[in-house]
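One structure is given here, and the rest of the page talks about it.
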């Protein structure tokens, strides 16, 4: 699979919520090659501090030559990215990693996203042959964060359900609560979000014998499989490397209890 | 003399030439206390790289609450400053160091500026009691760099003469050539510019027995007299510290030959 | 953990030396304190460590003396200082007024120099302790730095302790294979506390001119770049010795300082950060207080060495 | 100096090993080269040094293994690798096609391990040299790192030299008091070249959770932050030994690389920079060529060690 180091140009930056931004970048090589669930490594600023690139899921290929990133500001790197202005350039490496694998044709599936973990799911919904078969379950702290994203999934024809910690939108509680009723009908679950959410989703799917793919996070230096830094414990006792074995993995590959 | 650490706000940034910028900053405390020849230490970016503040002469107090810096882009710090946009903040420490000392009243004086060394001279001309007595001699690589600056001095009522390396404006040659004829009439010379220019000005003034003050440069960590980093050899064999003993010094204090 | 509402207790003790809070400024980065008086509320600091003082005045190294490096700086000041006599007559009057602890950093060419300096500073009003800089070359031993040979470091420590009744802090050099062995030697020789780290030896070259960027060719590396090394050494030393340790190296924020406290430092010194942010030391005092509230701790002493290693 | 128009000669020799240009990639930062094949024109590099290989496969340290630090990073990978058998069977086929020199970094728990590894790799087609990583603990000597004791480093060097006819480069650890003594010991023991530096030992703590940020608590510091230390050590070692030196540590631009060449390095390795800018090594080759033109030099060999120290 092709990989590029590409100087993308910021085309647009939208603030979706207090700490949530959507970056639209012109990156023709990466846009043409990207598959849902893959990620890019982005340089956050013009100097040597912060030093390392940051991994971000490809949120969407919004045109043949552009990609979008959904960015939650949590530290110095994401803060610098959120200050980008149109016309500036952001160096990207990508598309990287293994993306989502196709479900059986036409069967109903669930996409489960928590917080910033919603990012890769829109691209996936976009590329799934029949979005109507998608139930998209989105969880977040507050409703504000979900407004734009819910609309985007709905536009694709997905059925969207939401859960918020503060009850300001949809179910007042966890997104996993929304998943349980679906497990009797869906043929596959795709989940991305905080580790405890993924663990809960994996456990629920396992009980219900529904195949489940999860997109994991780990601190990364290279994103290329070279530094061996991005380890998570695997179910077989060996270490998995998120950037190469994932970020999307079958839930049963992962050692959830460690 | 008061010194402040002040978060200034960028009000305006003008590009005067290819690599020459004028920054207008709201910094009420520093503006109120500043005297010509003094400088500020400015933070260049939001991260730890570049780490140290950069010294810049106060180019002008353009209003009661604002100061201007004239910035030549030569490296990473100045590059970052030139990318500032109105509304952003720049941390300053100042006003620092010893400025120009007053000449005898009403006698004619010469201000000699080479390249970015012109920066502090405008503030000085501005505050001199009778600008008409000022002959301002400006040298530069090309005329483009001098257009705006010449106009500013002229507006104050100074007589301006220019010299350019490429002959595109005024005298085709060095600014020191412009100084020689004045040395018979002026009571004092104030000079700021590259070290070789200052050495030549100091030598000419010494021959003509005209008192001369020069503004020097040295790499600085603190600007406060604490790190002892900003040394230049003094005429008496001891080291001078540019940030405390200067930046403006009597030419005879400096060991020019070393 | 419950948020605590009473102001947390920030006081700590470096052996015999009590500090109102654990934040000091590092030698050579804060002059003689007067240089920062307009920018920093000195009385809010735990203390200041003044620029290293020698017996005779020193003029220092030829310029350039300072080079910026990635997230750090090299300095080759060459221990320029006014000498002990002028320090006492010219610099102490202001230092006596600054409202915080005053520690004097001393340096010499021989064991005797150190002892003489300690004796001269003992009994001077307003001096609360000595910090012994052993990163200097021992001219009698071919210029090998005192701080790289345990026996030489111990000899300096013993001599200084014998010459003074002031608290004696020995400042370790990081340019060694085994920092714990150095710490042991100095602790056994009677030091009241240790401070570490001094600068790492580095170099920079101007590719265009093919010359060293420092007049002295090599210099000392300081700043955020060295923080991980300093923290590791402080952790190793604090676990190995019974005397208090002061953490130094790249500290610029309260979070940095807290990392050192958790690793076992009883106090910290802020060095290079004073240059790029004179407000740093004050911000760190306030930030430690905030942290203690958030963590529900009523005293800073509760977090010293409280790094959690169990899984 | 006149600008030179003919392409400058970039070739250098590391003792018996000739390189088309002096730019290599550093062990552990370039995988087994295949990982970068789509981003880097491998045949334009002087060579690649592969991830450290041990006799048996190793699974490495628990996560987290990577922490960013100011202008640097800490890694505690724990020498995860596929082991020498799978390296030869699975990784060498690609490496044989990559069009540049291939050096294999080896590591062991004992002198015998190193010798066995060297013997196993000797005669494998496509391997042009061995780089001996002596920053590992000697399990027979209580876990003291081979690279911190001159005699132990010399013993490893002799054993590897006796086991192979490949060029042997010994990679020095910077965590020592006297890097020159280490270099002497290894050179006298027969090393064909030296490479330095490996990472400095560091640490990072999460203030909020009070836990180490690395699963292994301590890790190796690399990146631009350490460049001044690496450059100083390379300068000291290059002046002291007669064998070629490879400079490593924080090199990310041609200017960085040139600093090391001026200090006396015959070649350089690009490490952490491969992560933040995979194009770095290629840019450095091109940038050295530009520099030579600008400086009017027809060969890179003319600038090696050409630092000007006179005033």
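To keep things simple, chains are lettered A, B, C and D as they appear, and every chain counts its residues starting from 1.
Keep this in mind: a contact is a pair of C-beta atoms (placed from the backbone, for glycine too) under 8 Å apart; a residue touches a chain by one contact, two chains touch by 3 or more.
In this text, all values refer to a predicted model and were calculated from it rather than measured experimentally.
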Q) Of all chains present, which has the mean Cα position farthest from that of chain C? A) A
Q | Whole-Å separation of chain centres (CA-atom averages), chain A against chain D | A | 36
Q) What is the distance in Å between the mean C-alpha positions of chain A and chain C? A) 46
Q.
For chain A, give me the residues that contact two or more of the other chains.
A. 48-50
Q: Check each residue of chain D and list the ones that touch at least two other chains.
A: 70-72, 223-224
Q. Viewed as a graph of touching chains, is the assembly arranged as a line, ring, star, complete set, or other?
A. complete
**Q.** Parts of chain C lying in touch with chain D, wherever the complex brings them together
**A.** 69-72, 74, 148, 175-178, 200-205, 207, 209-212, 217-218, 221, 223-229, 231-232, 235, 250, 255, 258-259, 262-263, 291, 303, 306-309
**Q.** Complex contacts: residues of chain D adjacent to chain B
**A.** 70-71
Q. Which of the residues in chain D end up touching chain A in this complex?
A. 28-31, 35-36, 38-39, 51, 59-60, 62-68, 70-73, 75, 77, 80, 223-224, 252, 272, 274-279
Q: Write out the stretch or stretches of chain B touching chain C in their complex.
A: 2-5, 43, 48-53, 91, 93, 218-222, 224-233, 238-239
Q | In the complex, chain B residues that touch chain D | A | 48-49
